[in-house]
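The two complexes that follow have chain A in common; it is paired with chain B in the first and with chain C in the second.
On to the complex of A and B.
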């Protein structure tokens, strides 16, 4: 190396001055994830999975629920939507775990990047996936006979609330992924809660179908409450009395998950 | 022994020479012989079973998940389905979950196969004087034993949920072997797919297929609950045939017809996928 000291100081002189912008960084990192989703077939999976879930819940149970006098298409769509959000949560947990595992997160921490930018970009890319899945899910719902009967304002509230649930779940999943750094184990660990909270829910079958001992849990657990709020919004029965429990659950989960996600993402390991 | 010549030159201590002389002479059997194939299959089978037993995620996925899912199905849907159809739902659900355990196990095992290929263990086996067919037969034998174990566990979990065995022991043995029969066909198919496709594709492919099959069979809800246009497909898919046979062997009902259909499906799957599985296995071992 024969480069002398004065030459080194003038080496970068012609380069423009660097002005790190967190917004541009966020845009670049989000675009990176979204591009991968679009080109690696993940968005196709995000569109197809809700179809499988809708068909798998609706067709076999339609008859069983008709016997109990329930229009199952209208009844089950909120839980299908929440299941869709759980899929986003799963993908984001994988993504965070993968970025932590391969050292990308550590590397980004050593660079002049806003400390919250990687987390924000993962969450926003997850939001893109959620929106795509949600549109697809509502479309499938309309095919089997689900309808928004409360006007467009409440329909928008339905989508907004569903996405809010998705974001809060994604925050928790992101924290888990960053902390465990193990995509495989994480997908196994998350399958069980999704199964239990999704199925043992009064959004899946009516409360009277459950054995008496499990009803208090099934009625009050967050997914049931979210499902009821969503179904109220779809039917246009949105009321404070039917919503505040959901909002408390959602707020509580957000208070728990948001600091956890931030801590897991910015801490140096 | 020929080593005697070298000992004179190297001059090892007396004790070493004495031990070397006492080593038994090994007559290697030809790799291809039937008895070697049998012994090596047993060794491979034992190896895989121990790998699975010592890997907690395998145990959780093949035993805990089906058991918890069965519990969920029974709690959430059991009473609704029983009330709507008049047939206790647990017989269909228990049968369904024994098959789900067999299928999940096959996928976990296929992923293990991928890991062994990536780590070079497979090609290492291929350079050793062992029976090449035993790699595949040992794996299938291990699959069969694993399915037998998970089936018994799932059925035992079903008992407190209302599942009753028949009194005749022969019927119960037949009952336990239906999932093994079904699972073997499925395992051959998954092995063939695992040797051809890449890992990630395999999981999402079989994952979506499994989800669909899990909800569209006669064990989840009876066949008449499905829309009319779908009933023929649901009633004749391989899981439904096995479930109907198991229902017949536990709750009562026709056995011969669904059992014959299950055999037909298994024979068919093996006929179609055995050759790709063998070729794929060979190729995976030679090229990894």
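On to the complex of A and C.
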């Protein structure tokens, strides 16, 4: 393979007029991540993971729960949906860490690109992943008997709230990724909280199934609250009394994660 | 933030800027806590020239480049790139520069072609124009056959070429190459060198940081030597070499273990600083202020002492010698 330098006379011949716009840049940056997700099998994983989670919990637990008078398909789907949001969070943390590690983020900062555009594109690509995952998850839910019984408005609220949780988690993950620049360590570090908050939540099994000492945590931690809110929306029982704690949690996390993600992404070093 | 990038022909660019230097740095300071990375650095680069920035690790080269590429803000002083102040018009600076770091910053998952298209679109080309531009650059940089493979699987040389090509999707005014040939094989290095010359011939200013004195020597019109956050020497390679005062006489004994005996035999021809550093050396460099006469005298003394030589020669000072004489410590690492 020869290594030749370009001929000086032709290097910049016939260059067209350029008009950088933040919107076109956002589209290009988002498109590239989505395309990679589609071609490298990440979207397939995003579709298959919720299937595995659904099967893994529904099959062994449905009879146990039936004895307790719980329709487990209806009970478990909200936490499965939240689990898929955690997967998006994980993949976005990796993405941000990888881009910071390779220096791509730094390079984009030396280019005439709107300072929030790279962050926006990662979050939006994550949203695409979340939507695909959510559609698949709801599909699996319908196969095992999960139903939206509160009309299409509450069903939309269910999807909207789930995606909002996904976006807020993704913002936090993006900040962590940009700051640590270490994809491997990050995936290990995030596994633990995902396990703790997922398993020690009242989304998989009712509060009464936990030992007494852990019940206050299991009942009040945000994932349990989110799962309850989603459950209410699916059943059409959406009410202020059952929702405000979730909204406070979500709002609080957003107030924490949004500035952190912006700072981590636009800071120059 | 819609804005247009000037894509003037090189001649037009030169005319519109008159004699203004492409890069002007004056008394820039930057500290990180107690570490004073830059302590009042000043220099300038003329348009369409190559400025070599030379210095050991930690001298402040990378900090300088980061300030000029708007990645860091100076604590004080002014820096102007292509007519744009880095503090007050950083957007203007970003439209005029291209920067490549030591590590090729690309999207690893994309192919070379996709990376080129992406950067084209980021710099404001329409989709079809970006595709056409990618074709041109792949051809120019001899990457057509590798264009479809993911960058992840590229060799160091190919990666560096794509990296630089991505910075040339539109015409920059000033190009920053931060140690562009670190870790490249000689052939790829030659490719980067040819490219630097090609850019210069296009009227583009190139700032090249390097640890390789040879590289600065071959490519640069002007060289600044940075040490401990300030410019300690400035000039053409020849001017810098002249500062060390004349030639060197290089002596290689047939039996390298006899270097101490060689030093002994040469007596006052060997400066104390050189004599102190002979441990493990395989040759001896001594100043030859009298040129050939010094060489003849050295030969006579060694002959008398019965030391057989593999080689003895006069040579002009290298930038290594310059570095040693200016900083008191050797360059490189």
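Keep this in mind: the second predicted complex is superposed on the first by the 251 of 269 C-alpha atoms of A that agree within 3 Å, B and C clash if a C-alpha of one lies under 4 Å from a C-alpha of the other, contacts with A are read in each partner's own complex, and residues count from 1 in each chain.
Convention: a contact is a pair of C-beta atoms (placed from the backbone, for glycine too) under 8 Å apart; a residue touches a chain by one contact, two chains touch by 3 or more.
Small disclaimer: the values here were computed from a predicted structure and weren't measured.
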| item | value |
| --- | --- |
| Chain B versus chain C as contact partner of A:153, first or second or both or neither | neither |
| First, second, both or neither for A:214, with chain B first and chain C second | first |
| Chain B versus chain C as contact partner of A:102, first or second or both or neither | second |
| Contacts of A:255 with chain B and chain C, given as first, second, both or neither | neither |
| Partner chain(s) touched by A:143 [first = chain B, second = chain C, both, neither] | neither |
| Dominant contact partner of chain A by residue count, chain C or chain B | C |
| Partner chain in contact with A:15 - chain B first, chain C second, else both or neither | second |
| Partner chain(s) touched by A:191 [first = chain B, second = chain C, both, neither] | first |
| Touching partner for A:64 - first (chain B), second (chain C), both, neither | first |
| Interface residues of chain A shared between complexes with chain B and chain C | none |
| Of chain C, residues touching chain A in the complex | 1-5, 7, 69-73, 91, 94-95, 97-101, 103-110, 114, 118, 121-126, 129, 133, 136-137, 140-142, 157, 161, 168, 170-171, 187-188, 190-191, 193-195, 197-199, 201-202 |
| Residue ranges of chain A in contact with chain B within the complex | 45, 48-49, 52-53, 55-57, 59-65, 67-68, 184-185, 188, 191-192, 195-196, 199-200, 204-205, 209-211, 214 |
| Contact footprint of chain A on chain B as seen in their complex | 57, 60-61, 65, 68-69, 72-73, 75-77, 79-81, 83-85, 204, 208, 211-212, 214-216, 220-221, 224-227, 230 |
| Complex interface listing, chain A residues touching chain C | 1-8, 10-12, 15-22, 24-25, 27-29, 32, 36, 40, 98, 102-104, 106-114, 268-269 |
